[in-house]
Each structure stands twice: as C-alpha cells, then as structure tokens.
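Right after this note come the structures.
There are two complexes below, and they share chain A, which is joined by chain B in the first and by chain C in the second.
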Partner chain A sequence: MMKKSHAPQLAGLVLVIFFAAFPFFYGANDYPYIMHVIITGFFYAILTSSWAMLAGYGGQFSFGHMGFMAVGAYTTALISHYFYLAPVPTNICTEFPIGGMYLIILDPIGVTSSTLTQDCLHQALDVWKGSVEVTAMPVWLGIAAGTAMGGVFGLLIGLLVLPLRAAYLALFTLGFSEILRAAISAEISITRGQAGIELPSLFQNGITLFGRHFDKTDKLPPYFIMFILLLVCLGVLTWLAKSKFGLFVRAIREDQDAAAALGVNTIRYKVLVFVITSMIAAAAGATMAHYIGIISPNNLVILQMSLIVAMAVIGGVENFFAAAVGAILLEFVLEMLRNSFEIGPIEVDMTVWRLVVFGVLLMLTLRFSPRGLLVPAIDYFARGHVAKETVAKREQVDAVEASEPEAVK
Partner chain B sequence: MELAVTNLNKRFGGLHVLKDVSFEITGAELIGLIGPNGAGKTTLTNILDGAIKPNSGTVYLDHHRIDQMAPFEVAKAGLGRTFQVTRSFRRMTVLENLYVPALALDTGHSKAEIHDKAMEVLEFLTIDHLRNEYGQALSGGQQKLLELGRLLMLNPEVIILDEPFAGVHPRLMEIIYRYIERVNDAGTAIILISHQMDSIFSLCKRLLVLNYGDLIADGPPDEVKRNPAVIEAYLGADEEDEGQ
Partner chain C sequence: MEFPDFFWGALGWMIFWGVVGSVVTRRVYLQKDLDTSNTGLVGSMLGASTGPIGLVPLWIKTPEITTRMMVLPTLATIGVFMLVFSISDPGNLCVTNGSFVASQISNGVILGIIYGFMALGLTLIFSILGVVSFAHGEFYMIGGMITYFVTTVWFPGISPVFGVLAACMSTFLLGAIFERLFLTPMYEGKVERPVEYGILITFGLAFTLQYFVQATVGANPVKAKRFFDFPRLRLPSAEDPWLIKTSRGNMELFDTISISNPRFTAAVLCILVFIGLIYFLRRTWTGKALRAVSQDREAAAIAGINPDRMNMLAFALGCMIAALAGSMLVQAFSWLPQVGAIPAMRSFVIIVLGGLGSIPGAFLGGITVGLVEAAGTGCIPDAQKAASYIPAYGMIVLTLTLLLRPTGLFGRKFASGTHGKV
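Presenting the complex of A and B:
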C-alpha cells in the first residue's frame, strides 16, 4: 500500500506522464502557441530549479543566473555564426588546420555585414563557385561549448564571490549580469548589439522520428528536447541533493563557520554549487536560443532575473521540484493573463496589468506563505508523520523511565 | 596526542588580544580555560580551530602545524569545537546534523554504519526521539546536546567546549557532565571554557587563566585559586562573594 509520504513522488510522476503525453492528445487550433508556452515554461523551470539549488539549498542568493544563461546562449550563437569547417583553406580568413579540415573563423564585421561588406568566407565562396563544401558547426557542439563556458564563468564568479554573503553577493552578481549585458550591447561588431544575433534552429534541416518528418518550425522536437533537458536537470539536482554535496551545501547555507569547523571544505562546495548551477543555466540558455532563433541583451534585463526569483519564491525556493512546477504554472498563468477584457466601459489591457497581478501574487506569497505555495503541501505529505513519531517515541521513553525503580534513576 | 601552543600573538588594530601565549596539552587532559570577559578566550579558540590566523606564534597538533590551516583541515587533523552561541544547522534534521561531520571526514564508512553511529550518539544524549525533527524545533539545551553529538561524529583528539553549560536545564547539564567524562575517558583531550566555576573546579584537573591576553596562570585548580594574579584579575570577586 502506498504511504502518504510518497504522495509528492506520485504527483511528480503524474506530471511527467502528463507532459510526455500532452503533445499527442492536445489537438486544438492553438496547438503551436500552447506548445511554445510549455517549452518556455520548461526553460524557466530549468533556470528556476537550478537557481533554487544555488539560492535555496546553497544560500547563495545570486542575481547572475540570467547572465550564465546568456553566456551559454551567446557562446553557441557566436560558434554557429563565426566558426565553419572547410576542406581547403580560404587564405583570407583566420583559419587553423584540424584533422584534415580547416577551422575557419569569420571576421567580426558587424550588424550591416550582409548588406555592406561580404565576410571573408563569402568572398572565398564566391571564388570557389560551389566547388568547395563548407560545413557549419553542429548545434550540439555549440550547446556543449555553451554549457562548458557557463561552467568557466561560474567558476570565476564563484571564486570572486567567496568572501561575500547575503546582500553583497546579490549586488555583486547583479553587477556581473549588468556588465555582461552592457558588454554584449557595446560589442556590436561581434554580438550585433541590441539587434541580437541569429542562430540556426535546433534541427536546421528538420528531423525524422518514428517515420515522421518534422521540419525546423515544428514544435514537437524542441518540446521533447527541452522536456528531456528539464528531466535531466531535475535528475542531476536530485542526485546532488541526496549526496553529501547536497548535505554540505545546506550545512554551509545554515552556518558556514560551523560547517567548516566540522570538516566541510566550504570553499570547494560554494564554488562547485556555482559551477554546476551555472552550467545548467547555460545549457538551458544555449538550447532555448537555438529554439527561438535569436538571442539579444534584452534577455539579461533585471526583469528577467526577477521573474526567475519570483517563480522560485512562489513555487518554493527550498525545493527545486516545487520551483520547477511553480515556473511552468506561472509561465502559463502569465500567458493566459495576456487576454484583455472589458468591465463595462473600461477596457483592461492585461498586457500591462498581468505583471501587476504577478507582483501581487508574489507579495501575497511572501507575506502569507514565505516558503512558497507548493513546499508546505509537499512537507505536509513528506514530513507530516514526523511530529507523531517524535511524540510516540518520547512517550515510550517516559514510560520506560517511569517503570524504573527510583534507585536506578 | 600533543597540542603545543607557542608564543601566540594576535592583534586587532591597536588591541593586543593575545600576548605570547604558550602552553602544552599532552594526552587526554581535561583543562579549564577561564578568564574575565575580553580576556582572549574566544580569540584563542578561533586561532586553535583555524578560523583566524595569529600574527605570530605556532600551534602544533601531534607535530603537525595547524595554525595556518583552514578550519576544515584543522577539524580533519583532529581538533573539534563547539560555539559559545549554539550553531546547529536549524533547517536540517537532527540526523542530518550528525551526518555532516561523519561524511566530511570521508572515512569510507557506509551510510548504514554512519546512521547506526549517529543513533548511538543520539541515544547517549537522550535526544534520539528528535532524530527526524529540524534543528530549529529543538530547545536551546537540546541544541547544545546536538552540537556535542556532532563532535562525537567527528571523533577528534582535542575538543574545545565553549560555554557548554550556559542556559542549560539541570537535567541536560547532567547529560553534558556525563558526555565530558565519557569523551575524556575515551582518550580525548578537552578544553572547557565556562564562567560556571563550580563546574570548572569539579571537572578539570588543570586550569589556564587568561587576562587581557596574558596567560597569567597554568596549573591545578587549588594552585590557581591561590595565585594572587588570578585572585586580583578574576577569582577575587567570586571568592569575596563566597565569603560574604
């Protein structure tokens, strides 16, 4: 018979089955739109759950998570935009021989390159007149490089924020994110600045699955890519939380000095939690950028980071499953709130007011359920038996003590 | 076990908090470290556990220099401590609190072995019924016991207990007494910091007395009691009170 304490796991399993089956039973006209909303929800769920590990478990209240997301997205964007493989050298681009091929790096010639100046590769292609086949970098390589770069940035920022706690850490990481946004905006010749840089689709030439061909605009492949990425992310976070890593980062959150006095290498685990969560954010960013097809510095504005924090807080920051579910639900609610309506002669423009509704929900959560809306429910099932057990055990001890002769006591 | 503290100095700005402090502990001694507020007891403790570095002087534990080590390295080298203000991991269960030092030691024990040892420690401290409660659900005294339990899991050679009796119910104080005697009998040296002189004099065979950074006395309690410098600096007022 199923125990009450297993209810959260069962609910999780039901949700996984629901989302795995959803694209196959949902057939309304707004299918592409709803699929897009859920894909975006998965994306935010990855960011929110990894931020919950960093802030909720590790106590590292970072505002740099969207920055790490952007590191992943821009890394894969730059790789797909500037790096190519050719069997022969162009002799005009920067290029390096690699395993019988040439790695060609395009000149950073900026936002007007397609109309004003041909980049070096296009000049070479004009000379070759179709006799040489040039290969773009595979998307998966860009995502992998983006994930690794997220880890490198996570390591650097993790080391820099080591002595910082609480508000100082938050301000530092906010500064990092803002500097990154300003740098990307300023380096127009490389990043195309505010215009954003385009990326190839996750499956540029489409993909055939189980005998059915999906072209690059189909929602089903990216839906399952992002869904699997979310499950992998939650799997990794669960494994970490149950290992000594999870125990130590929580101990550091509770009292860093006490943890160190008990033998925990606080520096190692504080940096590690930054590296791991940054890599997860970067992987999500890189994958999402290929799905959307463009990444711009607007993704780093403080509002975006606030959205992650708010989703985590409303779901429950001390449980990354709650944070993930909260993110998907809130993304859905935010989209549904886009529908404007009229009250008599007054038209309520929800494109503006939806964020107000969201803000009010956040304030009410913080005031009346500071641990989030889902965590108390999870705790009710998972830990509801603890108090009863404690009382029963205490009564047992008291009964034994009462039955002992006075001399023994 | 040998702990050798030699010519330890620590300054905070213009304040000379520890002045050439030297002492040695050999074997499973039970030592009281006393002194008025501001004497330098906590600073000495923080230097011994690696939380702060001395300006000069050395600390050796079993011939390994530990004064330049990080706190986690000192803990692994065999020196554990509790804090004056209890610092349990409040949003972790009692059992999880005990798992932290056991897993940090990385001795290769299985989870089941660590769990069994943790349960044994909790039973000894009479808080085994609270094993699945969060640290924050425990009373102040029970949190003191939890801190002591964590040290048992660390299994150190030297333990510094900072005010273990402060604000503790008499029943729990008895448990702490038993704890100190058991741990000491098992071969662990203990440095006991307390303002409760009755406890210090009844438990300790040797006292170190600090006063404004100077180690003004080091010897058996009876001898320390008669030391004029100690009477003037610290015990004098108490003795007078007792006499009245």
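Presenting the complex of A and C:
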C-alpha cells in the first residue's frame, strides 16, 4: 500500500474555514460587491458540482441543468406571487379552507404595471380596508416546493431520456431547456414573460442572529445560506459517490450492458442520478432567485448552461470538489475580466471578450488536459510524498492495464 | 378556440389509445414471438386514429408489419387530428381560408427545403465522424454574417455570388482547421470517451464563435438586402394574371399563394446545391470515398482511402453547408450572433426524423418539420404565443420520433460504436 498525502483534504478544509471566516475579517469598501460575487460563485459551484455528478460520474451529458434550476426558481416565484393565506374568504378568488384559514390563489393577470394591482386579492383588500391581515407563503416552503418540483421534472425527463445516449441525450435536454424558456416567455399572463417575476427576499423582515440584526439587503445571511447549501450539496454528492450508488452509476457510465448483466438496476440508477442532481439544481435556483429578488427567462439562455459546462470542464468534470472550486475561481476571474480597456483607438468591450477567452480556455483544457486543470494538481499533491520509482512503477502498471483492452481487440 | 373541452378531450382520447396501443401491441407481438421493432409505431398510430376498433383486430391477427401498415395509420392519425381541430375551432383561419392554408403550406415547404439542406451538413458530419456538431448553428450564423459584410458593408454593390463564395470558403477552412486541431485525438484513441469529448469540444467551439462574433460585430440585428429582383411577369395576360404575378420582392401564384423573393431564391439555390452535392457523393471518387467511410471505416481504409482525410473533408463540408444555408437566409431574416441556436436544434430534429446518415431522409425530414412549424405558427389561435413556441414544435416531432420510431424515416442500423475510430 502506498502512503497517500492528505494535502488536498487539508486544502479543502482550509478553503472551507477561509470562506466561513471571510465575511468577518474582510472590511474593504467593496464588501457588498465581493460578497455578491462569492454568493454567485457558490451558486455556480452548486450547479457545477451537481452537473459534474450527472455528466462526469453518470456519463449523462445533459444540457438541461439550467432548466431544472429555472423550474425550482419559478416554482417558488409563482408560489410567493399567487398563494396567500387569509382568515376570511374573499369570495372573488379561487380559495380553499385550510385549518381555519383560507388559501387564496390569485387570478393570473396581464403584464402592464397598471393592471398589476388589480388582481382579485387587491380588490378584496380594498373592500376590507385594512381590517384583514393577509399572510404570504413562507419563503422556505417555496424553496422546498421548488426542490420537489425539480425532482418531479427530473423524474419525467430522466424517464424520457432513458433510452438515449450521448448526443441524443444532450440535444434532447437542450431542447427541454429551450421549450421551458419559450413557455416562460410566452405565458405572459402567468409568468410576466421577459419582464421576469419578482420574489420576496430570503428574509423579508430581516433576521436577528446572535444578538445582531440583519436587514433584508444584508449580504451575510444569504452568504451563509448559500454556503451551507453548497456544503450540504457536496456532502450529499460525496456520500453518494462513495456508496454503492456511486459505484453503480460509474459502472453504468462505462458500460451499461455490462452493468446490467452484473445485476445493476440500470433504469433505477440512471433515473435516480437525474432526479437527485435536478433537485440540487432546483434548490440552488430557488434560493438564488429569492436572494436576487427577480427571475426571468434570460437565466435560461444557453450562455448560462455553457458557463456551467465550462466551469465543470476547467475544474475537472469527474471530481465535483474540483468542479466546485473551479466554479468559484472562474466566477472571480469572470468578474475581474469585466473591466473594458482601450488599445489606442480601439475600445475592447471585455464584457463580451471575456466569454471568448472563456470559450478558448474551455477548448484548450479539453484538448490538452481533459481531466481539467485542478484535478491533475490535486493528484500531484495527493502523491506528493511518493518516491519517483514508485510513481514510475505505477505508471508502468497503468500502461500495461491500458494496453490490455487493445490486446483483447 | 370555440370548443376547447372537445379538443382536449379528443386529444386525451387519442393519446390514451395511442399509449395503450403501443404498449399492448408490443406485449402481444412479444408473446407470439414475432418481430417487435415497429410495433410501437403501428400500435400507437392505429390506436390514436381508430381507438379500440382498429387495435383489437391487430392484436387478434398480429400480421407481419409492412411499410403500408406504418404509413396509413400515421396519415389517418394526422387526418383525425386535423378533423378534431377543425370541429373544435371552426372559425380558425386554418379551417375557413383555403388560400391562407395554401400559403402556409408553400411557405412550410420552402422553409423546409432550406432546413433540410442545413440538416444535410449535420448528417454528413455525423455519418462520418460519429459526432453531432453542436457548433452547426454557429456556422450557419457565421455564413450569414460573412455574406452580409461582404455584400453590404465592405463591398456594397458587389454581386452576392462573391459574398456566398466568401462565406463558403472561410467556413470550409475554419471547419478543416478546427477538425485538425481539436477533433483528431478522438480517432487516435487519446481521449477516454470520444463521443462526450466530441459533444463538449463542439459545444465549446459554438460558445467561442458566438461570443467572438458578438464581440467583433456587436449585438445589433443586421440584414442583407435581397440578392436579386424577380423579373416582372404577368401570366397568362397582363389584365388577368391568375397564373403568376411577380413584383420585385414577391411572387403570387394562382392569386392565392404568395412567396417572398429571398425565400424563393434560397430554396432554389439550396435545391441546386443539393443536386450538385448528390452528384458529388454518387459520381466522384472523393464522394464515393466519403460514403464508403460512412459505411465501413476499416473496409474503406483497406481499399486505400485515408479515413482521417475524409474526416476532415466531411467536417469542413458539413460546416460549409450550414454556412451556405445561413448566407442564403441572411437576406430573408434579420441576423444576430444568437441566431444559430434554433436552426441547430431543428437540424438535429430533422436528421433524427429522417434517420441518421440518410440524405433523402434529411430532405423529407426538413419538409416535414417545415410543415409542422408552418401549421403551428399559422393555426394556434394566439399568434404571439404561436411564434414564441417555435422551438417547441420541432421538439414534439423529436419526442414522438424517439418514442415511436427511433431509427427515423429512412433509418439504417448505424455503427455508432466506432465514433470515428479506425
């Protein structure tokens, strides 16, 4: 047995401590901006690591991940927008009695600002003249419902794409995402179309933690919520990867027929990995939507999916820790590249050029370091204390193993 | 819609019997130890069109499935659907106005020809490299952009032929260079999973190209002016031109069908190039070599064809075809860097519908998708919604194809295991 270095694990721990402590010792003027960038980085890290699970571990190159994200976000947006609780019935809305209260469902109305306040609840409120208190749905319920809805969609799409492999699956899921975008843009009366739908923030009335009150615009609570969500997501993914589940999923990736012949229930595990990763994406989407405060179909454009793919590939598509760290790093790089500059008379608009740089980086990584940029580095540190001869010997064994399938052919 | 309850009820009935038909028919055929490869299609279509009346005899007799048994129920299902639609929405333009229907159909066919032509490039790439190029839509977009810049910005007044040629040549070169630089490791066995590598690397190319164009050109829509004007025609006579009447930008047939000039030019050119391509693939040595490689790489290599060079040629040719479609359509639609996404999806739908690797399939699939889109945009009552849902129509076709007949119209058993490896 070889003695393995624990440098990568240590580095991971240091990173976690760093991010947990960061908001408390960072005090520069651009504090809200940096915090926002890190929160966005966490968001992308969740999506990227779950996509790495689906694509790298499961071998299902789905391009619909942003679609599931949007399912979660729109579910919670619609719930917070259309569902209210009131102690007395309005008699004009659709409503159901629930344990002494009435669940009120607003009627969908058009998009113009003049009609925004003319739904049935507003009419009822005008009649009541403040005598009745109406409660909105709690945010956590919306996020939970969004996550569940992501799972439902993941199940449906996962079942539909079961017989599909590689390119079929990629295009079908891309199509799913496009249809979702078309539907959201077209059903203006419900989703308000391109204008986007507004959401209450995570803590609408602020929150008091450890004797300190945080305003609803404060960055610290969403920072830690996103951070904990990321840690939970990574924890779940690691647990899955280390368990029987991960073994089966990888076996299916390598050879579905062989896995089935060895007794792996391929249908169950292929669908399950789809459902789980979709739920993670939906949870991230729902939380992020509440943090940003607005969700629009523009979050579904292919650019967003491309960013996830690029982050996963550059970090390392088969290792979701690397993918997550890569996502946070790249989010920072993308933000730093935002500054436009001028070379003589030519103005270089970096907001677009940075994406070109990103694309080229993606292609070069795939071509010359297909395991990503971080994974080889992690491997290097992981065998840091191993003698050269041992490495050479292991490489020899690897080479023999690699040549064996050729010999079989 | 006047009777939405009837419409959705009838649709639900058709879907229910379609599902029952496809599931039960397969079971019945399996039990009698018969060939089940097309039972899903026959069962579902027969179920959807006739309900239990047609299914029960099928289950009792279990005849051998012929082409006619697949085509007739499919047509019947389309007919029943159209009947249901016309009963439930009698006031719709699609039901009452014959000339509107004729215009929609001719428009659908014309656009379908162009779509099919573009899909041909994708099917060429797939059949030889085993890769679906995700950058197909970006080559389409670049083709249009180059044509626009050559004919309108850099050399205004130049013959559009040069614009089209410039677009073709530059995309051919770009495709060839990209193939040499990034796709070669796939055939040399240097990457673990070549199919996924192909997907990701072309996806990366698409991303890079799209934002490169946006960075250099900007995000404002552009449009080239039309390549040439129709000659003034009044047939059979100037007083009563019921047969054909043309103005510079438009053509009217039989007083009802109106075809706009850019689309007509594009379709005619596509057909010409299509014929030229068929000639190239069937009659020249290189074309035959390409087809040989698509059928059996190893045998072709033994016969003295260099499959690697054919890979490069096929990829470059496929990209060029997409660019040609784009350079034809830049005179018909306004052009943006993002314009390629929907045609790329559509091309994929078409080649799956037509059968991967099939050239007539691509053509027929293109016309089918063109007609479905024309029907969707023309007949759905809310016009604004109908236009927004354009990407969905193709996806419905794709889903149905994958569920009912995964090999497509002219599908052949495809050697998908090789993926460009010799």
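By our rule, the second predicted complex is superposed on the first by the 365 of 409 C-alpha atoms of A that agree within 3 Å, B and C clash if a C-alpha of one lies under 4 Å from a C-alpha of the other, contacts with A are read in each partner's own complex, and residues count from 1 in each chain.
The criterion applied here is as follows: a contact is a pair of C-beta atoms (placed from the backbone, for glycine too) under 8 Å apart; a residue touches a chain by one contact, two chains touch by 3 or more.
Keep in mind the model is a prediction, meaning the values are calculated, not measured.
Shared-chain residue A:Pro221: touches no atom of chain B or chain C.
Once chain A of one complex is fitted onto chain A of the other, the partner contacts of A:Arg367 are limited to chain C, with no touch recorded for chain B.
In the superposition on chain A, contact of A:Phe248 is made with chain B only, not with chain C. The partner that reaches more residues of chain A, of the two candidates chain B and chain C, is C. When the shared chain is aligned, chain C comes close enough to touch A:Val356, but chain B does not. In the superposed model, A:Ala170 makes contact with chain C only, not with chain B.
Of the two partner chains placed around the shared chain by superposition, chain B is the only one that A:Ala258 touches, whereas chain C remains out of contact.
Contact with chain C, but none with chain B, is seen for A:Ala310 once the two complexes are overlaid on the shared chain. When the two complexes are laid over each other on chain A, chain A has no residue in contact with both chain B and chain C. Looking at the complex, you find that chain A touches chain B at residues 244, 247-248, 250-251, 253-255, 257-267, 318, 383, 386-387, 389-390, 393-394, 396-397.
Only residues 49-51, 70-72, 75-76, 80-81, 83, 87-92, 96, 99-101, 103-105, 126, 128-130, 132-133, 135, 150, 154 of chain B touch chain A when the two sit together in their complex. Taken together, the chain C residues at the contact with chain A in this complex read 126, 131-132, 134, 181-182, 185, 191-193, 195-201, 203-209, 211-212, 214-215, 338, 341-342, 345, 348-349, 352, 384-385, 388-392, 394-395, 398-399, 402, 406. Taken together, the chain A residues at the contact with chain C in this complex read 55, 59, 61, 63, 160, 163-168, 170-172, 174-176, 178-179, 181-183, 185-187, 301-303, 306, 309-310, 313, 349, 352-353, 355-356, 358-360, 362-363, 366-367, 370.
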